[in-house]
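Below are structures written as structure tokens.
Shared between the two complexes below is subunit A, which pairs with subunit B and subunit C, respectively.
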Partner chain A sequence: MISPVVLWTDALVFTLVGVAVVFGLYARRREHLREPWRRVARSPKGVSAGTVLAAFVAIGLLDSLHFHPRLEGAEAGGSAEHYSTEVASVFDLLVWPLRERVEKTYSAPFATHAYAKETIDLGGGRQAREYPRLVHGGAHLSDAGTRGADIALRSLAGLGAGIALWLALVGLFVAVPAARRGERFGRLWRALWAGHWQWPWRTFLVTAGVLLTLVTLGVTLAGTYHVLGTDKVGQDVLYQALKSVRTGLVIGTVSTLVMLPFAIALGISAGYFRGLVDDVVQYLYTTLSSIPGVLLIAAAVLMLQVYVANHPDDFESLAESADLRLLFLSIILGVTSWTGLARLLRAETLKLSQVEFVLAAQALGVAGGRILVRHILPNVMHIVLITVVLDFSGLVLAEAVLSYVSIGVDPTTISWGNMINSARLELAREPVVWWSLAAAFFFMFSLVLSANLFADVVRDAFDPRLRGSERPA
Partner chain B sequence: MIAYLARRLLYALPILVGVNVLTFFLFFVVNSPDDMARLHLGVKRVTPDAIEKWKVERGYDRPLFWNAPRPGLAALTDTIFFQKSVRLFTFDFGRSDEGREISRDIAERMGPSLAIAVPALLVGLLVNVTLAMTLAFFRGTYLDAWGVVFAVVLMSVSSLFYIIGGQYLVGKLLRLVPISGYEGGLDAVKFIVLPVLVSLAAGVGSGTRWYRTLFLEELGRDYVRTARAKGLAERAVLFKHVLRNALIPILTGVVVVLPLLFLGSLITEAFFGIPGLGSYTIDAIHQQDFAVVRAMVFLGSVLYILGLLLTDISYTLVDPRVRLE
Partner chain C sequence: MTASPRALLEVRDLRVSLSVPGGTVRAVDGVDLTVMPGETHAILGESGCGKSMTALSILRLLPAAGRVVDGSVRLDGTDLLRLPEDAMRAVRGRRVAMIFQEPQSSLNPVLTVGDQIAEGVRRHQGLSRRAALRRAVELLEAVGIPDPSRRASEYPHQLSGGMKQRVMIATALAGEPDLLIADEPTTALDVTIQAQVLELLDQLRRERGMAVLLITHDLGVVAESAQRVAVMYAGQVVEEGVTADLFARPLHPYTRKLFAALPAVGKRGGALEVIPGTVPSLTAHVPGCRFAPRCDQAWALCRAAAPGWHPLGRGQGVRCHLYAEGRDRARSLPPGPAVVPASMAVPRDVTPTPLLRVRGLQVHFPIRRGLLQRVVGQVRAVDGVDLDLAAGRTLALVGESGCGKTTVGHAVLQLLRPTAGSVRFDGEELTRLSGPRLRQRRRELQIVFQDPYASMNPRMLVGDIVEEGMLAQGTLPDRTARRSRVADLLAQVGLDPGATDRYPHEFSGGQRQRVAIARALAVEPRLVVCDEPTSALDVSVQAQILNLLRNLQDHLGLAYLFITHNLAVVEYLAHEVAVMYLGRIVERGPVGAVLRGPAHPYTRALLSAVPVPDPAGGRAVIHLEGELPSPSQPPRGCHFHPRCPEARDLCRESYPETVGVGTGHRVACHLHPPS
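Coming up: the complex of A and B.
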């Protein structure tokens, strides 16, 4: 049995999933909402970026199911089960070896020997300075010289498994419609690769194939080597990079979830009711946006630090206070970013409130609140969606910068920002420790790039004016 | 025009009051000065006396809003709110928690900040507009398509990587310029080159893409069709007509950030060891110097409001259709 833990950010992440599902069900019935999504699904760029994003989201969601792992020793007692105060997630279970196989300190990717020389006792009072073997990395090799061949063999196995799985997947994708429509398998297969299918399945399958192969390669290689090396305290860098996915996603999504209610409610009521309401709302967002974002975040995070330092009793574990800080950072990022959306919504509502169907509703005596919800809100949702998608990548990037300035996530939270932060000093070492930085770069870049590409497609599909309206960063 | 400006300046007042109240709330109400003292003094030295001493030295020993024992107006003025927040309006920033004069620090550090920020802005503007013009000129071709893809790729890289990469490549491997530091006078050039290049690289993706959309938007207007109809070459259309019109949103977009240049770039300055206001802020954050952070928040919002005002004025200057009423 496990003892589940629901951290604040977990709850919000799953609320967000719930909102997305409800919205999906709502949109399914409405042609005007389905059409733009269809346009997204028809764009190869959108499909490819969406597939990569989905993979990241899957990691993030699995990593959001937390629990206290049971302590091994407690079973013998037979009485009540004991749980560790540490918090682990379902994702941790999947990559448990990565989490557990800790070296002493740095080691290069695929290394069998440590990064730094150590004094080794050779017995008989003789000592030597040499690179010790790693405890886990390449530990299965009796002769470290065979490492190259072993890696090649394992890569081939991973590649083979990936391709085999992928071919099975593609086969399934062709066989099912072939059986259903009674068409010949070969004809459909050729049509798929010639791009004659209605949807860009080809793009999806290629992207999924690349991801699948990466996973199988990871499975065959990461089990015995530190594929991306280890960091200062010997933790596997691949594990850190993967765990950072959740932090990035939480920052990118929870911030928007937090700000949406305010931005929507204030924005459209300012535009619709005008007068005093409008003045107050405009005053609010001008004031907030006039404080440079970084400074407001700095001020707020500093205050949180003071609070946490002075109230240690409020938190059961380190994970909880780190999680609170993550949540708080998301909220502050939301506070600093809702003003732009509120301004857009106010302008759009000003325009909409003069349109015939709204005037007609007013003439028929429909109450103001009802008009807002039934007539105005559905017609500004595309702006909300476009903003949310466009803001996402900026928020992920902001996390890294803020963590560097030490006003980001808690230093104990694994995040790309913290990885980069520590990598700064590592670059000054001789030989250079480049792998943490490279790993953070690669993972962050793939997430942000796919988010940017996806956002472009979504914007083009939803913006009725069909033209760009992005802001410079 | 003057009446408009006066009204705008008056309108700025309540906003600054709002900023002030908000920061006051963040810094003094959420956590009491006692909490701050405890954090500053560290766990070991916390005694009620030490806390009291810390507070008296920095003037945090007053009541928050209302000093009842004091007679008359002093009941209102001899409070933390008045001393620490209201006095900011006269640009009297007081002393930092370390005891240094904040105003003098700011005056000293403005120079290096501007020395980085102004060239970075100008070079960035020049390069971004040129690239965007090129893409707009070749719109619809492979050059344009790949240019946009490349821009998206560039803007997907965190600015931290540009800084770290630039420092490593130019400073450490090629040894062309010092990795970090700053000197006054002409020597400053060698310290400025790398930060400017890095900020150019970090901004070129999003900048080029944004300006390209502006150009394409202008290219769809009626006057462009007229210009083409009267037989102008595409080059003449682009440079004589489109560029001039697109410069309006570009310039006003630049004017907004002009005052904020004084604050410098937090990240760039911290990485390159530039003794400007950005690194001043960062240091204050690291040392948890609340007085400095509070002063910078106030200064930042003043400059932002100034930027909005300048934008309005610049609109009337470059676009005769706009009249300020």
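Coming up: the complex of A and C.
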């Protein structure tokens, strides 16, 4: 029926999900790992930021299930089904209208007419220069003058649907425990809003409610309008902004996946074995961190560009070559960013290897590698976790900057960096096209802000110094 | 405890609560104290009894979680708890000063010592900067720091621990306070330095008429320096009195148990008295006496009603139902602490086939300096040590911190590779072993560390911790057999088998030390290096661990290399003793001979400096001048001569030979020339 495509980054993204699930199962049985996460779940800030992050991750994951869409008009070819060479994702299916409803060129948010005047043939040799109606945006309106009322009506409908769905969700959240514990619905409901529940469900539900309403608003409005306008080639900007979520997430997480093995293995073995190993690792990371990262990235990306240009037959579709470049960018970002974590881990391991429980393990005759895995690694894991969460937002921002100077992702990949890059020209024209930049900014801002807030909470939860007095005075 | 009109400090019914995640801890629950001007009043108690909280609430310096719930603290009649914060700042330092246990963290590392003292002087006396610095130098002189004007311009890291504590005292003196609160002022210091600091405090008290509130867990320190003492247990004062009376006739069952739990020579051979159970959790309200669950004289009333305070004359009082009005006090006063007859102390006469033979052991650490990390010198941490230890015997290695005794322990186990010398274990040279052969040998040599908090991986379950050695050694490959062995081991060290599925942080210090011992025993060692295993523990817990160690030795024939600075423990447990000074052994021999007839002046000074829990002892402390020199530049000649009261010219020129002065008793000192 469909022909799935597994791109390199898809495979890595789902590997990462698998690693996270395994780690979750592992942490469930380990009190020292479970407790800090419980602390995160108890913090309203963490829950709120986490909910927003989860929404972004859901978009990113749906957008990572790729396939070749079937060609509708190819029945003439006989029994064999024909597939497009284009690659689409499950997420594209959900927002198919956004993907397909392409205008000729720029149009402002909620516009019914194009942004630039065109010469229109009125028939009979007469021509006029005016703003033409858009092909899709507001096309259902016979009279463009009723646009305001239509938007208001549809917003109300979206708002209503959002609130109704949300109330149903909250009702479910209260009704299930009420039925299970045999308590009165009203009492639990009041307790929830008074904040008497053990976990900050209230915060979660409010955040989820806001997101839900945004989605229903999107459904009612984006079906008939270009909510965030269209870009130079007439593509919906909302669609681009949503598709960019995956690019940002891939950069943020795959780079981490690449960086972690280097940082952990080299960092803790340098700290534990010292001597020659330490010298080599230190040499490696001081050298690497004294090369400007941007130069290294530029060199790697340009080399790859040349390779792709010279071997066009190796790639089935444009998406594949673009994906390779995205992967390559993630790898090179990972390679240039492991030094910081390795340095931290080396220092912490140096300290830990003098602690008595490590000496005791040595005295028991435990072999070096086993000491690293059983004694050192679990005791530096909190540093790894904090670094990963903190680095994530930095990597998302790095993608935007690199794409802006054209050494980032492939120009055909939809990313916030590319959107900002094209905005360079849009801001220079008159009248200004501001919505691409605004959309990229808004989406990137909400992802990075929620990631930063979440990182803050995670760091506080894992920082042993903030854990209060553990030993009695 | 009637209020006296001339009392300097009167604490009445002080209640302090600490909020913790699980609820509220009543850290201090109705404490009364009276401190007279010019006297040293001690608060004695084990960790967690609320003695530090009492002291901190006098100065209103409680941690953020703490709160004074009720009570009054009157200094010369003014209630400090009701003063505005502004006025309180004038009291701190000016009227009441405080010194802490860790001189290291009490001094700011980026300011010179002189500046830090001058800061206090300027605030309290409003002097100019120059005058304040002059005053700082005077204060440094007053606390006995040699060459005070040079020291005033030095930074804290350039001073030794004892010196820093003197600086802290000088800082406290800057405001010329009427009351000095000293919170465990000597716990972090060596005995010889401790003796110096206690002497200094006493001298300052006499000269300045300053009162001292001394907080300590050490019975010996109390006996040496306090006129009055209050014993605290679980947030309450359970007994108070004049030091001499209280030590001669302790009344409260807890106090009596504390004395009985102290290791001493008279108790050799027998088991030490222990206090069963642990300090109760202070979160719950206890209706009865807080000591009742651990008291062997408790009866129904003790569990039902909290005992009141019963004054018994001569300023002594006790919180115990045994001493209530109407009870026959004569009957309720048992004779002093039970002493196990010395005849029981039969030293096990094992034929001394040396299990461990150390010859000429040296561990040097290179000092690297400069751009190219050239070696510019050596820290001679261990510089030629000979030891012999037979199976089933205990050799105590005694010395002050920095003398290299821990390094010896690590070098014996090959946790540190010795620079030179030989370590033969059961006839095999360990220093030449490496890789898998060394790892295999390790099962016969184990170690128990000092800090029960650092010695266990906080991320592992107790069962996994104990099991680790068996896994590494490949003994008992079967999982069920291993698990049952772990349960046996835990039972052997007196822990519930349910402990396997818990994390180390759920246990108290003493219990953790038991786990550490179980971990060492898991691989069936023949020699265990005990590196100060009891010095982080309270007296009553220390007794439990010492009993356990002795018991294990009797049953398993273990040999112990017992590294310690506590001579009372040595007397109780060891068969032989070796005294270390600056990387070398200055005297060694059987315990009786060395401790009863010390031949080396350093051993004599060390023995005399140990505070004895007997105020009537009247012994003469030999005060050692100065402190341990740096092992990177040991003094020429005998290492001890700069501090030795009996040093002669010869001592400055050559290191003395080791000579025998009795059966197995050898000493390296020019006072005992080779014949």
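Operating definition for what follows: the second predicted complex is superposed on the first by the 463 of 473 C-alpha atoms of A that agree within 3 Å, B and C clash if a C-alpha of one lies under 4 Å from a C-alpha of the other, contacts with A are read in each partner's own complex, and residues count from 1 in each chain.
Rule of thumb we're sticking to: contacts are C-beta pairs under 8 Å (C-beta built on N, C-alpha and C of every residue); 3 or more make two chains touch, one makes a residue touch a chain.
None of the values given here were measured: they were computed from a predicted structure.
**Student:** Pick one for A:Ser84: touches subunit B only (first), subunit C only (second), both, or neither.
**Tutor:** neither
**Student:** Check the residue A:Ser317 against both partner chains and state whether it touches subunit B (first), subunit C (second), both, or neither.
**Tutor:** It touches nothing on subunit B or subunit C.
**Student:** Which partner does A:Ser422 reach: the first (subunit B), the second (subunit C), both, or neither?
**Tutor:** A:Ser422 sits against neither subunit B nor subunit C.
**Student:** I'd like to know which partner A:Val366 touches here: subunit B for first, subunit C for second, both or neither.
**Tutor:** A:Val366: touches subunit C, not subunit B.
**Student:** Determine, under the contact definition given at the top, whether A:Gln282 touches first (subunit B), second (subunit C), both, or neither.
**Tutor:** A:Gln282 sits against neither subunit B nor subunit C.
**Student:** After lining up the shared chain so the two structures overlap, which partner does A:Asp456 touch, if you call subunit B first and subunit C second: first, second, both or neither?
**Tutor:** first
**Student:** More subunit A residues touched by subunit B or by subunit C?
**Tutor:** B
**Student:** So subunit A touches subunit B in one structure and subunit C in the other; where do those two contact lists coincide?
**Tutor:** 468-473
**Student:** In the complex formed with subunit B, which residues of subunit A make contact?
**Tutor:** 283, 286-292, 294-296, 298-300, 302-303, 305-307, 309-310, 393, 397, 400-401, 404-407, 416, 420, 423-424, 427, 437, 441, 444-445, 448-449, 452-453, 456, 467-473
**Student:** Within their complex, state which residues of subunit A touch subunit C.
**Tutor:** Contact set of subunit A toward subunit C: 30-32, 355-357, 359-367, 370, 374-375, 378-379, 468-473.
**Student:** Give every residue of subunit B touching subunit A within the complex, in rising order.
**Tutor:** Going through subunit B, the ones touching subunit A are 14-15, 18-19, 22-23, 26-27, 30-31, 35-36, 38-39, 152-153, 155-161, 164, 168, 172, 203, 206-207, 209-210, 213, 216-217, 253, 260, 263, 266-267, 270, 281-282, 285-286, 288, 290, 293-294, 296-297, 300-301, 304-305.
**Student:** Can you list the subunit C residues touching subunit A in their complex?
**Tutor:** Spelled out, the residues of subunit C in touch with subunit A are 20-21, 47-48, 52-53, 63, 65, 410, 413, 415, 438-443, 445-447, 449-451, 453-460, 468-469, 472-473, 503, 505, 516, 519, 523.
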